């Protein structure tokens, strides 16, 4: 089969590196160019040591990009939208991993990001990048905006409840635990190993920006009192989303199983997890490192009047590069799981 | 000053070992006997390697205990109450670190522990072991029941709100992150290093037993819909309690500062933590390893209609041995901070 | 292509679990049976959580094995040799991951393992399982004995020197750093998370059993004064072998490069690593988690009169399951890299 | 007792911060000034979060230092020697934690550091800062140069052999494993958490600068072929030195015990560690976090013709701040252990 020529813009970061790794093993893709301003002229293996001898590409400047079939944009937030015309001229299909085109409302960028979007008229043109929610739209979408990692964990955890109309009441609390690779490749005082090690650090007590995506995709009212807290933990990869959902009396676990099975029973990357014994009774990110899976589990707390929904994923995979490739597979009519069949390791 | 003769029952566990370490450095205490059925006859340094050459004691059987001035009971839950008469005959003062005498209601032991208490008539005789709440009672108490580690983190976080009448409304969610030493010294499949490493494991999605202590000490209604979830993280020591408290509109951070300063302004072991910059803007357990401190911070989330209160402590110190010694200091008229002046290390 | 029917004996352990994971993704293998006495009747996903929904097999007793094309033996050391006739009757080809058939001399089992081998007449029939050394023999071998993890790291590091006659002089020191998964699945006091965490523990100061394999495969004299020390570090997966090799004056790094390139230049799983800058100037196991690769690097220490050779691998992959599958690929005429193309992740 | 007025120059780094913590708890010292150019005007608690509310000092510029009784210099290497006259004018006694005055030979600074020492005439005036070797000289020394962390671990491990004349033969190999706090407070690409986590990284394959101190203090010939390799491991604090020492046949463990007991039997901070069972049979840094202790153990490897000597310490304590305070105690006639009686925690 003829291979698509792929370019990765911003390929020296963690998301870009993982995407490069995935594309190299994908039978229908050929990565023909990768960009990095900082590392231009250097081989990818000097930045991504796992790719040594697996890839002979050198980073080039974005200005040296040539036309190709598919562009993945892995730039820092705020950098793809001002240059989107340039990228659209280079490739007929684009998957953008930044936040620049995730929200449909320009006003939301102001209120959540404090940022005036430079191209608000394009916001409706990008399909939001969670395939489990927007699979059909992706099949014909030229432009996809891959979802935020924390947003993905939460939206997948709660979407079956949202579409059953069970999320509107106030009181929902979302407590996220996240690893350090979420902060990206740039070193700083906060990521200095002696400081970041062993941390249980309240990264964002309230107001995390991904809340905007959660509200949008879960169909919550614009002024819904979303309560999200993000705590950084001693992990490099992984997100655990613990969602405390108020539920009415009388609901049973069987009811909830039915909802989740109906929503996700056929999904290739989602597993419903609930064991009666053993160490892994609930979802846990470590067994998903490198996998595009998202595990979801729950427990009904009758006394507390809540449902505890728990989801786990690898923030660089289902939370970034893996999900972007899943979307690109759909976009190009490939099998959705191509290049994404790694299971995850045990033990790690 | 004449030293008190101290005995530690169950001194081979983690709580008992830390208590032994603290007592060895305490100028007014002399540990004269330590018990362990399993390790009887062996020196304490073979079990607690940090105490090698610091302590010449050997473990003895509990049956060989002799009278002394103060007994710390560090037995597994359910083992001190059946033998409490034996211990009371040996020493005029007792600090029990187990759960056996924490609750005042025998019915609560049935509903939270599934356990019929063998000596319900004694439940009212023990002072609950958080000095910040029961300092005066401790000064004359022969018997003190030291508080649970998770309960301590939550109760200290919320008590200023409780006594201001701000906790009664439903919707409170408590999300605890805890280290592995909470599980004690006994090895098992769940604590096997390759399995427990890197975990973000939902240890208890709902119904954690310490909820009973929280309800009791925070003055909540018996049927209050308490929502507690406990997640095990990759740490040996430390608890982070993230408390999501619904609050009425109009409340300001200044109001809350006032409440917390009034409650804790003079407390020797509690710090209110809120920095504008740096890595440690909120409480974090790692800088408290080995310290008896509990750090508390908060952020008002106006949009979410909640207050996020965050507390951190070392589960073996303020959550167990340190707090027990703090209580014993009060009980014997010593300065409350004696033997508890270690600050914690940075970095770790 | 017709698939081979594969059985894995002892599939509930870590090596067996990884082998199962690899075989499930291998296009020419079909795993038809897996055994575990302890978990018989349970699905593999309850023991290997990464395999949930990826594999419908249940563990059976070894007594219930049926004939197949290839048997992997992942039993504890000492258990495959007494039952080897039984296994040979079940399958024409066997790859044994235990130590039972690694050494060619029965006397070595006595001196290194303190064990009288039950079937010494078979020791010559198994090909030693490092493909880079015994590739041709493997192509026609019915029985292969997969190499020890620590031995593999050291033998691959030093083999180019050995065959150049540069290892005979005394003074060689091998300092191994190893992760906790090497200890296998069985929990115990030494692997209890609070004890094993943060360890820098001298696991074996001298006399590690894998020394016998090193002597055999590197062609050292039987009484060569091999100096091996093994230190357990805070990792689940991974081995770093630091080999301090005395070398004569006058040797240059160019000479050494020539030796290593000649030995390994075409090897699919070995990389020579030496960067002038960046974090990954030398081999490092973390970027090899899940990969069958072994990275090798070195530095000539002219002042010290030594060559420092450093190798890194994933003890469960190139140190166990991956290498066993690599051997089986050769044994069956498959491409050597089939099912072993995972690159490793970055960052982890 | 009248307190000494102490100044700490460079108190925002990790060594300076630990020294400040120790001095705050020292009954005969009063820290009156701490300097940091970068953080001048800020309270120490904003940089060292464990010191919040324990210390009201603010950092000042070094130019604002006032006379005091004792100055600790915690500046980066190369910064104290050019300014040493300024510091000597401020205080009658100085303990310098940098490398600037550790070596007695100016030529050694050229060959090991590539640095021309600005004040070579002063090199003989500083006492080298390991109290166990230079206790008597310290009692009357105005100026002390605290030893390097890695050097301390190795020198203490080998000194009993050195003074018995057992170190001269070639073949000695020193394999050091070190934590990340050794790199100091400055963040960079190498210390970025996702990169530094899980590392087993050959930090220095050969030629580590501390080799100069080892040669000097162990009395080795200037051109002794010292073989030192340093590997960075996943720890914040701690050093494990594994020393492979060639020994003549006939030596017994009893002989070695005799040497080490004679050298260290009365040392307050050194323990000889060798257990027959349990997890802590050899020295291990984690139980020494926060302690000024150095644990030393060994195993005779008769077959290998070597003695394996293993030492462990906390690089910020016995490797830096703790040892500096121990030296200052001697220098001022205080009890050597004052302010240094913390045992270390278990478990961590």
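Of note:
Per-chain numbering from 1; labels A, B, C and D assigned in written order.
Basically, a residue touches a chain if its C-beta (ideal position, glycine included) is under 8 Å from a C-beta of that chain, and two chains touch if they have at least 3 such contacts.
Note that this is a predicted model, so its numbers are computed, not measured.
Path length between chain B and chain D in the chain contact graph, taken as the least number of steps between touching chains: 1. Each chain's centre was taken as the mean of its CA atoms, and the one lying most distant from chain A is D.
Each chain gets a centre from the mean of its Cα atoms; for chain A and chain D, those two points are 45 Å apart.
Inter-chain spacing, taken between the CA centroids of chain C and chain D, is 38 Å. Put simply, the C-alpha centre of chain A and that of chain C have 35 angstrom between them. Annotation for chain B: residues touching 2 or more other chains are 14, 181, 189, 194, 196-198, 236, 278-280, 284, 347-348.
Against chain A, in their complex, chain D makes its touches with residues 14, 180-181, 183, 185-189, 191-198, 236.
Partner chain A is touched in their complex by these residues of chain B: 170-171, 173, 175, 177, 189-190, 194-202, 205-207, 225-229, 231, 233-235, 238, 240, 242, 244, 246, 278-286, 297-301, 303-306, 308, 310, 312, 347-348. Against chain B, in their complex, chain D makes its touches with residues 14, 17-18, 21, 24-25, 46-54, 181, 236-237, 271, 273, 275, 277-280, 284, 287-291, 341-348.
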